[in-house]
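The same chain A turns up in both complexes below, where it pairs with chain B and then with chain C.
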Partner chain A sequence: MTTVIEVKNLTKRYRDTLAADDVSFSIEKDTIYGLLGRNGAGKTTVMSILTAQNFATSGEVRIFGENPYENAHVLSRMCFVRESQKYPDDATPRHAFRIARLFYPHWDQELADQLIDEFQVPMKKTIKKLSRGQLSAVGVVIGLASRAEITFFDEPYLGLDAVARQIFYDRLLEDYSRHPRTIILSSHLIDEVSNLLERVIVIDKGRIIMDEETDAVRGRAANIVGDTAAVDAFVAGREVIHRESLGRVSSVTILGELTAEDLSLLTRAGLDVAPVSLQQLIVRTTQHAGRTAGDAERAASDIDEGALR
Partner chain B sequence: MNRTLNVIRMQLVNRQTYLWVPVIVLGGAFAITLAIYGIIASAGVEGPMYGGGAQAPLWYFAVVGAQALTLTFPFSQAMSVTRREFHIGTHLTAALTAALLALIFAVGGLVEQATSGWGMNGYFFYIPWVSDGGPAAAWLFFFSLAMLFFVFGYWGATIFKRFGTAVLTAVLLGIALILVGLLWLVGRLEAWAQVGAWLGAQGSLGLTLWGLLLIAVLIASSYLTLRRAVP
Partner chain C sequence: MIDEGRALFLQIAESVEDSILAGALAEESQAPSTNELASFYRINPATAAKGIAMLTDKGVLYKRRGIGMFVSPGARELLLGERRAAFADRFLDPLLAEARTLGLGPDDLARLLSERAARTLTEGTAR
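Right, the complex of A and B next:
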């Protein structure tokens, strides 16, 4: 594998908040990444620093081994249309696409035309008059048709209806399999995009709390459902990230892979195992990290180093 | 270089900003001025008549300069354009439109001289102390005047973009204070005669060259601000 993005100890401080707190990670070539996290977790900040639109307070970013700042050679191989992208005042989608074609060397007009048709982008309206969904569609068309070696999608589905979202996911996978490239998809609708993602990076309060292959993540947790006493006996000593009870029945989410021994133990105790969706897992890990963050570094480091790595 | 030239095409998407509004402002100011000259001339006044209406499109260039940054810089970032490419390309766009406007003024001045002020001794484009240096000097004068307005608008917009409204206001007030201070100093030293003589000695060409120097300083300083600006 070739590393295309290398981030070391990246910190971004706004007046009173840390949008990125000593973040380090790397991104491999030709892989689809999910950059997941709550609103305000720091996803857009990290992406705009990677594309040299914003500046880090400290730390180092290398794209294709180089510093991206004012580096036309590196920048022209990346595409980042932000969720709140501003366009020239009089610009229509037609203008925006024509300009994108000038700047992106691998621009595919045929693909752009197809997407424009499928998303029903109104080509002659000025962009400032478009609806939220149409605005998102303009960004999606630019992101896909630019075929940049590293493409960022920043919450690309906002305002898109279910049909349009499915078109986006289908076209993304289709075009990716024909023209492999690195794609970083930021999202808080985790389950909807989880099938696309090969790796997930979860960011919370400016810190990375998960950086793993999607399949591995799914196997890392399970819901144990059944009689409260039996559930409690089974989960004793394990990392519990969520607990729900209704009467005498409990559903407890635990981290850690279940061994064959565990499974037979569960059968004997009459307990059920339910899979945990990626979204559930991430939501609960995030909440868990939030709860324990207050009462010491120890709990947080358990999550970082123990259970999740 | 290719990408820098493409920035010009990106800027010219704003047809309304760069083309239609200036044309309307210029055409409107011209029509109104001539109508007033007509009224005055029909009252039997022999002129010559000069008006300030031609300034209107020049002032508008300050607006164009500000909008070139605020409206298009964020999009240029999404097109993976470097700040340097954006800066140079945008000023090339400005130079292009300023050159065109200056051409209209220079030619308009010649026409007014040839027709003795549209046959009623009324002048819109022609300014004696500028146009008497020849059409090339007149062109350069109007070109640098338009550029100066543009560059000033752009310079202010970069400060706004990077530091916000409060800092921009403070900077503008600071400049006004310095200018007032200079006026006071000249008065205090009783040097108005010398200042007048110096301005007279520069002539329109000399002032044009000083203007070009100021333009260069503003372009360089706005680049330093833009280098760390965030869309």
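Right, the complex of A and C next:
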């Protein structure tokens, strides 16, 4: 595998907040990554530094082995679809696509036209007057049709309805199969995108708390549900990351793959095993990381499952 | 179709195995390609490729250069053996556990089983 992005000890400080805290990771060629985490976790900061739209406080970033700052050779091979991209006041989608076509060497006009049609992008309205969904569609068209070697999509689906989101996911997979390239998709709708992702990187409070193959993460945790005493007996000695009770019934989330032996033990104890979705696992891991970091009280009060949705 | 909490590549491999077991995918016939599986299940092509690779390692599929993946001769027999071995664990243990909760003994189960089997059989022939 070829590494296309290498990040070492990246730190970004805004006054007294650390948006990125000593972050290191690498991105392989022709792979779809998910950059996941809560709002404000540091996803956009990291992507804007990688695309040279923001400066690091310290640390090192290498794109295709080079420093991206004011490096036209590197920048034209990357496309960053920002969640809140700014355009000139009188610009229309037509202008935006024409500029993108000039800038990106692999631009595919046929694909752009097809997407414009599917997303029903109004070409002559000024971008300022577009709805949130239409603005997202402009970004999605540019991100896909640019066929850049590295494409970043920052929450690309905001304001898009379920049908439009599905069109985006389908076209992304389709075009990626034909023209493999590196795609980094930042999202907090984890379950909706998880099947598209080969690897996931989870950021929490400016730190990376997970960087793994998506399939390896699935099945890593399980919910054990049943009579509290029986559940407690089973989970004793295992790593428990979450616990809920209702009367005498408990639901406990544990880490670690269940063996065939575990499963037959569970069946005989009359306990149920409920799968943990990637989203639930990340929520639980994030909560768990918050607690073990020593700020248990804050984690309990300000993190809830709904916050990631 | 896809359930959470289990490695996707395993589920993709199982879906192909199910087609072979059901006879929908005959031995020596062409198996779906990585891209076909990826677009059908809306998953990452690399994940689909991993499922196919697992079936190749197991000897269920084999590659014909330049054409694609095909179902190996003897694949169905191999899968039948594997599924039969896992049958008791997968289906009987949960059945027995629920029966115990409901106060049904092995004799009650045997009676229910033969009653149901007879009914499915007549329904099957009536069709």
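Basically, the second predicted complex is superposed on the first by the 294 of 309 C-alpha atoms of A that agree within 3 Å, B and C clash if a C-alpha of one lies under 4 Å from a C-alpha of the other, contacts with A are read in each partner's own complex, and residues count from 1 in each chain.
To be clear about the criterion, contacts are C-beta pairs under 8 Å (C-beta built on N, C-alpha and C of every residue); 3 or more make two chains touch, one makes a residue touch a chain.
These figures come from a predicted structure and were not determined experimentally.
Once the two complexes are laid over each other on the shared chain, residue contacts for A:Phe25 go to neither chain B nor chain C. When the two structures are aligned on the shared chain, A:Phe80 is found in touch with chain B, with no touch to chain C.
Once chain A of one complex is fitted onto chain A of the other, the partner contacts of A:Pro88 are limited to chain B, with no touch recorded for chain C. Once the two complexes are overlaid on the shared chain, A:Thr51 sits against chain B while remaining clear of chain C. When the two structures are aligned on the shared chain, A:Phe103 is found in touch with chain B, with no touch to chain C. In the superposition on chain A, A:Glu174 makes contact with chain C only, not with chain B.
The part of chain C that touches chain A in the complex is made up of residues 2-9, 35, 38-39, 41-47, 50, 89, 93-94, 97, 101. Across the complex, chain A is touched by residues 3, 6, 9-11, 13-17, 67, 71-72, 74-75, 77-85, 227-228, 230-231 of chain B.
By the touch criterion stated above, chain A contacts chain B in their complex at residues 48, 51, 53-55, 70-72, 75-76, 78-82, 85-91, 95-96, 99-100, 102-104, 142, 148.
Partner chain C is touched in their complex by these residues of chain A: 31-32, 169-170, 173-174, 176-177, 191, 195-198, 214-216, 218-219, 221-222, 260, 263-264, 267-268, 270, 274-278.
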